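Next come two complexes, and both contain subunit A; in the first it sits with subunit B, in the second with subunit C.
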Partner chain A sequence: MRNAVIVRKGNVLAPVPAVVFALMIGPILLGLFGTLLPAFGYHPALGATQWSLAAWWALFADPSFATALRITLVTGLGATLMALTIAIGAVAALHNSRAFVYLKLWLAPTLAFPFASFAVGFAFLAAPSGLIARILSPWLTGWQLPPDLLILGDPNGVALLVALTLKECLFLILMLVAAEGQSQGDAALRSAQTMGYVPTRAWLVVMLPQLYPQIRLPVYAVLAASLASVDIAIVLGPAAPPPLAPLTLDWYGQFNAGDQMKAAAASVLQVFLSIGVVALWWLGEHTVGYLFCGIISSGRRHGVIDQAIGWIGVIGAGAALVTATSAILVLLLWSLASSWTWPDALPQAISLSTWRESGATLAPLVGNTVVVAVATSVIATGAAVLVLEAGIGHPQRRQIGILYIPLLLPQISFLFGLQLLWNWLLLDGTLSAVIFTHFLFVLPYVLLVLSEPYRALDPRIAITARALGAGQIRTLMAVKLPLLMRPLAVAAAVGFAVSVGQYLPTVFAGAGRISTLATEAVALASGADRRLAGVVALTLTALPFAALLAALIAPGDRAGDRSASE
Partner chain B sequence: MIDMTTLLTPTRRQALIGLSLAPLVLSACGQPTGAEIAANAPWDDVLSKARGQDVNWAAWAGDAKINAYIGWVSSEVRLRFGIALTHVKTNDTANTMHQLLVDKLSGRTDGGRTDLIWINGENFTAALDAGLLWGPFAQHLPHWSMVDTKGNPSILTDFTVPNNGYESPWGMAQLTFFYDSANGVSPPRTIAAFSEWAASHPGRFTYPAPPDFAGITFVKQALYAFITDRSILSKPVVKADFPRTTAALWAYFDALHPNLWRGGRAFPPDYPTLRQMLEDRETDIAFSFNPAEASTAVTSGLLPATTRAYILDGGTIQNTHFVAIPFNAAAKAAALVVANFLLSPEAQARKADPRLWGDPTVLDLHALAPVDRARFTDLPNTAQLPDAAALAHALAEPHPSWHVHLVEAWRARYAT
Partner chain C sequence: MSEGLILSDVTLAVAGITLIDRLSLSVAPGEVISLMGPSGSGKSSLIAYLCGALDRQFQASGTVTLDGVCIDRWPIERRRVGVLFQDDMLFAHMTVGENLAFAVARGVGRAERQARVAQALAEAELTGFTNRSPATLSGGQRARVALMRAMLAEPRALLLDEPFARLDPSLRLRIRDFTFAMIAARGVPALLVTHDAQDVPGQMLDLGQPNPRF
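On to the complex of A and B.
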């Protein structure tokens, strides 16, 4: 208690969260406002100045609306539920096995794989004319032509659900692993096992209740992202009708007042949808938690359901890793192919010509991408440190929770309005606007990575430094940050990766004038040339991968050892 | 200690605010200011004003060969006119239109971010109606005299709407079908024949889901086959008559869909995907708005040399695409120079080269000097180009309101 008082008194950074909060929430609120106006009939540039609910009636009466809503809900909720089950099952079943060590090694690189590239790779694996069918045809299947099977783009969005599940479960496994590293559960887990609980059930009973609160926010982020996914949905989802987010973009693309306002209403609706579904999930959590209590205290040492969850996890995580890895390999093959037709399982000829020819085009894109990502991740990491430092002694950290809002809102709901703000400030189409807009999406992830290591830092070290006369800033710079070198590097690398993958924010803030690898990848993803798409997607993957690798091998262990030995 | 704190607080705060705002403030300084020019200014004045200006050209970038062509234009106008041309790569013209609308809302009447837009059809009509375009300028361009305004009505009326010089023609497009002749395909030559062909070859043909422009063009093409009085297509849709005039069209699609790829339960997103599906042998027939699509795909190794292209009997839908200058363009003089360069025989011939892009020219070859005419007549006639005589069978784009109504009606039937 006294420690907390000492630390609080000298907290020179107390106003920081409020400032960061204002910088972040201000633009988002203005952006939402800019979307709200046309949703209620006010769109002066298109000659609409009458307040009305017409856009809403048009939206609800639209023939595609009900189906699009159903697909959105089923794929969003379904993918999150599946991804979470797989993540929990995999960690529960494998947590003390050798396979888990390899799994963890593979996680980071596959996470660097952007959604758009993953979708293109997945499509070419699973399509009836894709790699798997080619390997098996015609010698096994007898298919002289690709079979007319509805695997991708099915009207119910099953392919989309599967792809989202496979991509998101890897992220959730990583989040569970990170949370587990911070918990003190090993002893309890061992006692449970000595008491006869089989390992999977022991983990589910002892660890999961401790860890779930820590991965709750990432789960909500996955939920919101799955509901609003655009790039994966365009490649793998149904087209007639598509889910709500791509349908909204279709309407924004039809340039008449009616469709524009319908698009605005649909954007606003998606905000409520996102909030509503997260609330529903929260209710679900509590129901499951309530039921779970009975199971935990039942004293049973093993059960069929535990084993089933374990198997789902092992199979699902395995499938996710194999898919992600094969998708990268497929893109590599395409980038090297000069000709590759059905039913050959490998390209007929290999050449570096696509790489050579696209070199000149790629160079400025790589330049823009790196400049934006480095600036964003450095600013976000700095802001995250200041926010966390200011948050000392505020265990509720409600303010920090607000900083996660950008992850829970559908991007299209405020990006159109935000574009208006940048335009007013004469900043649209500048690197600054792109960097600032990326910052809104990067900061939450950086905070997510950094907050646990930051809190886990032994408070006595800082207190000792303060007692020896160092101010808060000096303690931070000279003592804490050196100890946190490794997590800081990882947080910056994650921030870098998130920035590299941003598509819609780059398009809107950049006003189409700032091209990055992500905008190029989506522009090419439609299939103009898979060889070129392969080159861009691989470059897009290589950048965050290199950043994460650099963060992981960077020197920093000694600082960690010192904290352990002190 | 406490004194230190109070001293430090504002400094830190300022530093933080400064950190976030510095790049914003810095970049706000170098705004370009538009040097105004009259659309009918003497051409020498236009050229001298254009020198040193930056042109931002918003153009759809979904096709590598088009991007390469724009790259060539960029290096040429730098060499010849001292203009720095940037290709603003868009995947949807609507994004550019949004930005112009926002400019209009926020009162930015000059110093705009975009100087030239690739545009046509319903986007042009909407932009003109919303007052987003500058002009009229097209008829004042020196190369206008070579444009085929008589032989090609779609140059003066874009989707039946008179464009009054607010956009300058850039190239032509015509719906063209293609297939691999090595696969023993004998493709249907009329819209009605597609139904029979699909019935005997289930799952081997499809079209992109509207509102994709290639998809809705296929629907318009089919509409031509089922409408008795074609004159109504050049006028705005009469809502009361629409169900009656399109009943046969929907009956046709109702019968066609079960025999399409995936039984009509899934649709590809756009026309480049159609080409890719042909490459993967998922389908037997693809189509494009570019008559040379098959030719360029063969040149770049995406399709086999046995690919052949054709136009439907009775003609297919043809339109012209244009460049327009936004009302608040910062570099109007340089935009005029670029628009004029795009109309030069050299630029048009390069665009028409079936190995590079293969887009038909908007120039009247008879109006050209012999040396310039030779640039076109010397172009290779590859085996993958449709028959030149067949290309002459062109159908006009219906009025833009047909586009809107057909998209709506299609979605109400097939996207529920």
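On to the complex of A and C.
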């Protein structure tokens, strides 16, 4: 018993995880609280100090409310369901093929694609005057002018649903691949195939039941994010009315107590909506699981549904990769186009003039974006190292759950309340507030990326260093961190990428005064200047890619890589 | 009388299973005592306990004294108990010289530090290897660097966790003799755990036997 005390005494970092988690959860709770008050009538900044339910009645009576709620549910649930089906189908159908090797190679970089620039690129592809219509016109469509069709921003949110599906299915494929890497499924899969199960069905029957529990939290995160998406919904979603999250943002933007309190009520509602939909999903999982048991033991070796899921997966994953690549290409084309009239599929003339002319616009945007992202990623990586060093080497389920809280709650539900905290600290609209707010969303990803290589580092290395007389800090600085250099670089690059892509946290913590590439890309998406939008969105895409590439190709200690990955 | 490493009534348990039951023994300076036992008998846990790195899920009781001082509650780095594992655990990102210098006490000046490293390399017949990367060394060379590194930390006791198990049979004897000669010359009490009777130089204690005493 005594020894347990010794180990803790020797660990000078023991209180760190509690402090870091408090720094993460504290502001979120404060933010929720700060949103709850105006939802029930207390909004002293705008002169309201009477407790009441008026905000709720105003919300429910709002003519936009019912439609916004429906669009939110349909796009959020629909996109998650489609993305998961595609992900499962793609991995089931392709898991042993050569195509899968290429698919895996493409996955990681597409994840670094910020939602905002993906949305802008998607819009430039799918709009009535977009690249797809140009390629097909007029020879196939007969359109002499861009058609007057509501392809983007259609009232039912179809474009939003498709874009969310294509973006999120890649993330879920990556999560499935990572989960598969941790299980010893190959032998079981082979034995199922020797019993005559066709590969797709073998994977669905043997692997999926094992892997699903491991991707459950990422699926919930996708569900919550799709229900609460703002940037992609502003660019591609319907406008009158938009889904709940952008509608709430509109109301917050009105400087009168009525609208702001209505927005606060809508924010609180979205917390319960998120919880309710995740609970519904959980019920659905169990129902499907129950039905699945019958299928597993039915003994049938192949089926129509498996083949259908496999095809949906292959086509969906292919479409996602093609869309992501074309989105980047179309942004590049627009940024270089000096003249590009309908219906030509390519610009008539290409020049760097847009890039040259937008230098003055671009420089401060890149400056703000990079300063915030570098600071956030350095702080988050440092915090993650301290948390892991303090002994959370193997994150337990409960701790992982804490990490997911910022990813499972609708951002809009606590960002407004958090804004009151920044206001009170006289920090609102400063880079510090933006950095700290980004930290809440960046730390979970950095910890998830870093925990596996950290755990994999041979514990005897640290024991040896300390037995040679080095204290915990010196062991960390002189031995462990240098050996973990590459995983640290990758984690920091992921943190950088996550920060660069943040839209809503930047809008709130920056109080509208701090513009980054993400906020500007969304603002420009609906504007007339596609060339400038192309330049900004392409730069927004290039930064995370550059960071990840730098982390991967930076010269590193080969031996360090080996011991870290063993 | 109290010189060397003394264990009294050391008991280690994990999840309700007693691995080591009231083990008492004393190792005199320069002496090597071997503990034999099959894998899973708690040998490695005992090593971890003695150097202060026992996992929290273990329950431990008993006392350990080193030159008459109880070290039970000390953190690893204060105990000055060296450990040699099956693998040499050389730091891959440092040169041979840096690995050795890492072990020299922090207060020692630069010139003296370099002199001690050079002296250690000479003793291990590795003069001129200062700037080599450990990855370029042979197994036998690495084992000698690891031993010299442990010795440069001036340990007051040395724990050997099957350090010869991974070596080629031809090398094994030479490295073993070199290690035991070094231990005798420096007068360090050493505890060796192994499952191979070949490795045992002197007194041997079988962990398979219940409640052994010396």
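By our rule, the second predicted complex is superposed on the first by the 462 of 566 C-alpha atoms of A that agree within 3 Å, B and C clash if a C-alpha of one lies under 4 Å from a C-alpha of the other, contacts with A are read in each partner's own complex, and residues count from 1 in each chain.
Here, a contact is a pair of C-beta atoms (placed from the backbone, for glycine too) under 8 Å apart; a residue touches a chain by one contact, two chains touch by 3 or more.
Owing to the predicted nature of the structure, the values given are computational and were not obtained by experimental measurement.
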- Message: Which partner chains sit in contact with A:G471 here, subunit B, subunit C, both or neither? Use first/second/both/neither.
- Response: both
- Does subunit C touch more residues of subunit A than subunit B does, or is it the other way round? B
- Touched partner set for A:L483, first subunit B, second subunit C, both or neither: second
- Which of subunit B and subunit C A:S64 touches, first, second, both or neither: first
- Query: After lining up the shared chain so the two structures overlap, which partner does A:L280 touch, if you call subunit B first and subunit C second: first, second, both or neither?
  - Reply: neither
- Touching A:I463 in the superposition: subunit B (first), subunit C (second), both, neither? second
- Task: Could you say whether A:M195 touches subunit B, subunit C, both of them, or neither, answering first, second, both or neither?
- Result: neither
- Task: Please write out, lowest number first, the residues of subunit A touched by both subunit B and subunit C across the two complexes.
- Result: 10, 471
- Query: So in the complex, which bits of subunit A are touching subunit B?
  - Reply: 10, 12-13, 15-16, 19-20, 23, 44-47, 62-64, 66-67, 127-129, 145-146, 148, 150, 152-155, 234, 238-241, 250, 252-256, 338-339, 341-342, 361, 375, 379, 382-383, 386, 416, 419-420, 423-433, 435-436, 471, 473, 507, 511-513, 515, 519-520, 522-524, 526-530, 532
- subunit A-touching residues of subunit C, taken from the complex the two chains share: 48-49, 51-56, 58-61, 72-77, 79-83, 85, 87, 89, 91-93, 102-103, 105-106, 133-135, 149-150, 153, 155
- Query: Tell me, which parts of subunit B touch subunit A in their complex?
  - Reply: 1, 4-5, 8-9, 12-13, 16-17, 19-20, 23-24, 26-28, 31, 56, 58, 61-64, 67, 86, 88-92, 94-99, 101-106, 108, 111, 113, 122-123, 126-127, 130, 202-203, 208-209, 211, 261-263, 265-270, 272-273, 275-277, 279-282, 300-302, 304, 404, 407, 411-416
- Message: Could you list, by residue number, the parts of subunit A that touch subunit C in their complex?
- Response: 1-10, 458-461, 463-472, 478-479, 482-483, 485, 557-560, 562-563
